[in-house]
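So that you can tell them apart, the chains are marked A, B, C and D in the order they are listed, and the count of residues begins at 1 in each.
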Amino acid sequence: MNEFSILLPIIIPLVGAMLVIIVRRLGGMKEGAALLATIFSLVTAIMLYGRELNYSLPWAGFGMEFTLRLYHFSAFILLAVSVFAFLITLYCCSFMRGKSYGVWFYFYLLISAAMVNGAVLADNLILMLFFWEGLLVTLFGMIAIGGKEAFKAATKAFIIIGICDLCMMFGIALTGYLAGTMTISKISMSPGSLGSVAFIFLMIGAISKAGSMPFHSWIPDAAVNAPLPFMAFLPASLEKLLGIYFLARISLDMFKLDVNSWLSILLMVIGSITILAAVMMALIQKDYKKLLSYHAISQVGYMVLGIGTCLPVGIVGGLFHMINHALYKSCLFLTGGSVEKQAGTTSLDKLGGLALKMPITFICFLVAAASISGVPPFNGFFSKELVYEGALQRGAIFYLAAVLGSFFTAASFLKLGHSAFLGKVSDANKNVKEAAPAMLLPMIVIALICILFGVYNHFPLSNFIKPILGEQRLAGHEFAINTTLIVITVVVLTGALLHHLFAVKITGSGLKSADYIRYAPVFRGIYNRAENKYFDPYDIGLKIVNVITKTAWRIDRAVDWIYEGLTVRAVYLFSNGIRSAHTGNYSLYIVWSLLGAVLVLIVIMKSV
Amino acid sequence: MVLILNIILLVLFVVGAVWTMMTTRLLHSAVGLAFTSAVLTVLMFQLDSPLAAVFELSVCAGLVSAIFISTIMLTKRVTAEELIVQRKIRLASFWFLPIVVVAAAIVLSLIHIPVDFKLPEPPVENNVKNIMWNLRHLDLMGQIAILLTGVFGVVTLFKESKHD
Amino acid sequence: MLSLFVLLPFLAIVMLNLPLKTVTRQLALWFGIALSAGQVFVVIFQPDVFWNGTDLLGRFFTLRLQADNLSMVMLLSIGIVTFAAILVGRQTIADSRLRFNFMNLVLLSLIGMNGTVLLTDLFSLYIFIEVVAISSFILIAFQRDLNALEGAFKYIILSAVATVLMLLSVSVLLMAAGDTSFSSVAAAVKNSSSSHFVRFAIGIFICGLFIKGGLVPFHGWLPAAYSMAPAAVSVLLAGIVTKVSGIYALIRLSTSVFGPDSSLNAVLMIAGAVSIVIGALAATGQSDFKRMLAYSSISQVGYIILALGCGTKLALVGAVFHLFNHSIFKSLLFVNSAAVEQQTGTSDMDKMGGLGSRMPYTNATSLIAFLSTAGVPPLAGFWSKLIIVIALWQSGYYIYAFIAILSSIITLGYLLSMQRRVFFGILSDKLQAVREAGFGIVFPACVLAAITVGVGLSFPFIFNSFIIPIGAFLK
Amino acid sequence: MTNDMAVVLWLFGVAAALVLIVGFYCLIATVNLIRALIGLEILTKAVTLFIILAGYVTGRTGLAQALAITLIIIEVVVVVVAVGVVLCVFSHNKSVDVRMIRNVKG
């Protein structure tokens, strides 16, 4: 496998995308082509894993070379991306059967896979930016094909991420200027005054891609009307992988954050706020997919918090949480997809009692829900433990936020599970059958991986995550299980269960279990405002833009009037005046001449 | 003695000009013009340039006045009552001409601008005939051209063209 | 052999008026065409037999004529414009007797103009300006139309006022200098330049020439005379008469005789700028074709005087070059107006429209002419205006440069509206009978247009060889 | 410049200037075309006097007379042409009133 093979992860999905279009034209099986492409890319990812490859090509000059670098961290991300791409395509074979936009979905899926591979492999900041923006375009495309309503969400997403990418561009330029070179592997500097500014701008780009708090508002909108596999593919897994990968690269390699720099505190604060605010919003959702999307946002908080601690244990926890979250979040979205496909709707008040009708989906849901809430044997628990330990070392407040977050996560998933799968079967979905096998297979596979990563967690830790930090960082940090933390988490989880049972007894139905929080005195005001998008930066931006365009239009009208109205009328006014002065009476002309002569004489005689 | 004669002549000259302008009847104004021209001739004699004086007398006083009188004859006779109307209009627009002239006379006589440039040395050639005929041929050529223009002017402007 | 310029037309007139009337009556116009074409040929190709051959006539007369580059340019433009005017006259004047008189008068004005351009004496300048003036009075009035007579009368009265002013200053200068030749007057003005009388004389003379040149406060007669004169005469008048008798005299006197004098330059610049602006504004609202062209020529003459007032060598070159260009494209515009008037019978633009389809040549040449007037790049007008603006800028007169540029925009405006109203648009039903003007008018139009385009395109090459030497007359 | 010459210059100058003013006033204020031409003639007389005076003062009476004679001839031709124009106007309007020839305006 010579060094050209590093280009394969980018080229194969692209060729696959073209293939899908061509096959579609000739009337063949577009799903087949897509599957073939994803299998092929999975095989290459597996073969490439564990190799060190470099590839460089002069591209645009001025320090912008087409350099790619494959090492364990990017190989691991490549592997994860190709796994998810394959599973999602498999899932789509049946999910997309009835949909008209199937072709375009596969096309965008393959291209975004290529873009993420490219971004991860890229060793030059500009090249990474190129792929980063490619992903933005495919994201917009994938949401937009969801229909008229989805287009609005697509533009919203495009604008938010677009603006953050602008900040990232500025950050890249600044870093390039400070470091003198654009190749990522060569950049390493301590964040001085200008360096921290560059770090903040890059961080904005990373966490907006990952979808954390300040830039999250497009995800819930997209969740409602974008095609569901998109939610499983991009926001749940790929975006998180890429975003947190870049966050890790800038904080570990490029800027070498250390414990006492205010940037790590900033990261941790953002992480904890994201955890709490997003999960509070998730608690009150009435729609299956919206609830899951808010959870996607809150889980990012854990990762950001983990990396923000700058402690080896925290960073390892954050990275491990990244891969775990990708797993169980996509699995949850897939279960949501099968519920939507079979029951026809995802709003919780119409669902109920599907457990008996769709047993496998229910089991997969249980496994994923347990792991996301951090129930011990599953993978979520272990990565959260590491993050808890890191957060505790850095400050009790962060640890408290993390634990509270997982309490509410557990509560909301109990609510979701109770209202969607348990309870009496409503007559509408009496004859609901189990989802098609092609949809079930990916769910089962992912659930199994969740269990695998949970029980044998030292396997992913030792050969995926630890090498990222390198030996010298990990020296002297063995990850002993901290018993007190485990006890607290177990207590918290049982508390959540009891609270759920108690709330169900009071309100009578799983759905309303969280309503008492919704209408609590303080929370009601915040929730109402949040409901009608009061805090959403995107809508504030829209209002400002509206005002600007109106004033610009008025200025334009004024300039037009001055230009046409004023000058033309003035010229005609003067010309009429002058023309009417010529009365045709020659004695007037003689008077003019004599007056002119007097003036000339005054000027000439005066000068003597 | 000569000075007083000059002053009288100058006053006559100015009064003749003003009278030419003030009279209502056109014929009188033509006669006034001839009179002014005659006074100018005498003045020229005073300034010892006799040739120009004779020329002025014969051409201006004679020929030009003849032209004017003939044109006045050609145009419409002015009836009596039109005369009265014209006199009223004339007085309306010309009554303060003499006042302007008298005021200008007083002003000009008060301000006395000294001749502040040095006069050139006496001329080498002072004989009119010699200057005109030997030194300034270009002027002669110009005069011939003007006379020819006058001829063609008369031919085109006065000749009754066939159609009207 | 400079005197031939003045004597040959005399010979022609005498020959024309010999008793054998019938033969000369038809050939009359060909004499004129031959003479003006000959003059152009002589000036362009400078045959040395003509220029430095023995002046056999000169021995009999002491004419004291003298020609330098400025007079060369003037002689050239006199030749071209007279050639065009005679051709247009041949086409537009129907009555053969009138055509014969027209020819004689044009020859006389040719004598006057050639004389004015070559003479070196202040009083003969007055005489030859009078020759040109009287012949143009008669030329304006010779078709006896009431409006033309009114224009002629106004021109006579104001021209008389101009001559009175000029003679007054000649008498004062005679007192100061003793002789009326340019050199002695220049010497007198130089050594007694601070005296009130001499400055009064300079001022009065300049005002007389302003009236003759038609600059704004003194321009009353110009629109009436130009617009109401017969077609061929307005070509001659607008093309060259006012330029020779007014502008050339101003250039000659203000540079060599009255000497470089700051207050005189200031007066010239103010008069120039005012006439540019008022001429352009007055032309904007016009509905009569020739009256608009009259105001436009006031405005363009303003450019020449503005450059003259600026005083630097480049400015003077710009002024003389613009004078030559303007005489070409202004006479071209009047030739087009003659064609349009002959075909449609009126010069009121509101009654015209869509003539472009029926009169392609006139349309094309008028397009070239008005683009050159407005100063659009490839054409001659642009280069001369460019030189003027650069010269103004270099010598620091930023406001005047700004006025020059701004009003060339207004010029483009009203000429564009003229072109649109006359040539573009749909042909109204009354004008269906309109055909392209006869060869007699189209040929001079094409010649003049060719000159404008030729000078424009070849400007970069002839700039150093022909245009700069024009300034050589400036000491 | 002897002082009696200065006195003569000053006397004749004032008189000629006065006549000049009368001539200009007539040109501007008159209503009759022919009277305008007469005003023109008055102006010419004043100018002739100025030229002769200039000749007398500087002793160049010869040159002054030559110029004056030329001037007179030119003015005669101008008046003849002007009268021709006036007569043509008269043949059109049947009147020599100035207000009748004011229709070329704007």
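Note that a residue touches a chain if its C-beta (ideal position, glycine included) is under 8 Å from a C-beta of that chain, and two chains touch if they have at least 3 such contacts.
This is a predicted model, so every value here is computed, not measured.
Using the contact threshold fixed earlier, the set of chains in contact with both subunit A and subunit C is D.
The mean-CA centres of subunit B and subunit C are about 32 angstrom from one another, to the nearest whole unit. Distance between subunit A and subunit B, defined via averaged C-alpha coordinates, is recorded as 105 Å. With each centre defined as the average position of its C-alpha atoms, the distance from subunit C to subunit D rounds to 27 Å.
Look at where the CA atoms of subunit A average out and do the same for subunit D: the two points lie 99 Å apart.
Across the assembly, subunit A contributes residues 579, 582, 584, 586, 590, 594 that each touch 2 or more other chains. Shown for subunit C are the residues that touch two or more other chains, namely 123, 127, 130, 134, 137-138, 141, 144, 150, 153, 157, 161, 175, 178-179, 194-196, 223-224, 286. Across the assembly, subunit B contributes residues 115, 119-120, 123, 136, 139, 142-143, 146, 149-150, 153, 157 that each touch 2 or more other chains. Every pair of chains meeting the contact definition is listed here: A-C, A-D, B-C, B-D, C-D.
Subunit D makes touch with subunit B in their complex at residues 1, 4, 6-15, 17-19, 21-23, 25-26, 29, 31-32, 34-35, 37-39, 41-42, 44-45, 48-49, 52-53, 55-66, 68-70, 72-77, 79-81, 83-88, 90, 94-96. Those residues of subunit D that touch subunit A in the complex are listed here as 24, 27-30, 98, 101-106.
Partner subunit D is touched in their complex by these residues of subunit C: 123, 127, 130, 134, 137-138, 141, 144, 146-147, 149-153, 156-157, 160-161, 164, 167-168, 170-172, 174-175, 178-180, 223-224, 227-228, 286, 288, 291. Subunit C meets subunit A in the complex at residues 150, 153-154, 157-158, 161, 165, 193-196, 199-200, 202-204, 206-207, 210-211, 217-218, 220-221, 223-224, 262-264, 266-267, 270-271, 278, 281-286, 410, 413. Residue ranges of subunit A in contact with subunit D, taken from their complex: 579-580, 582-587, 590-591, 594.
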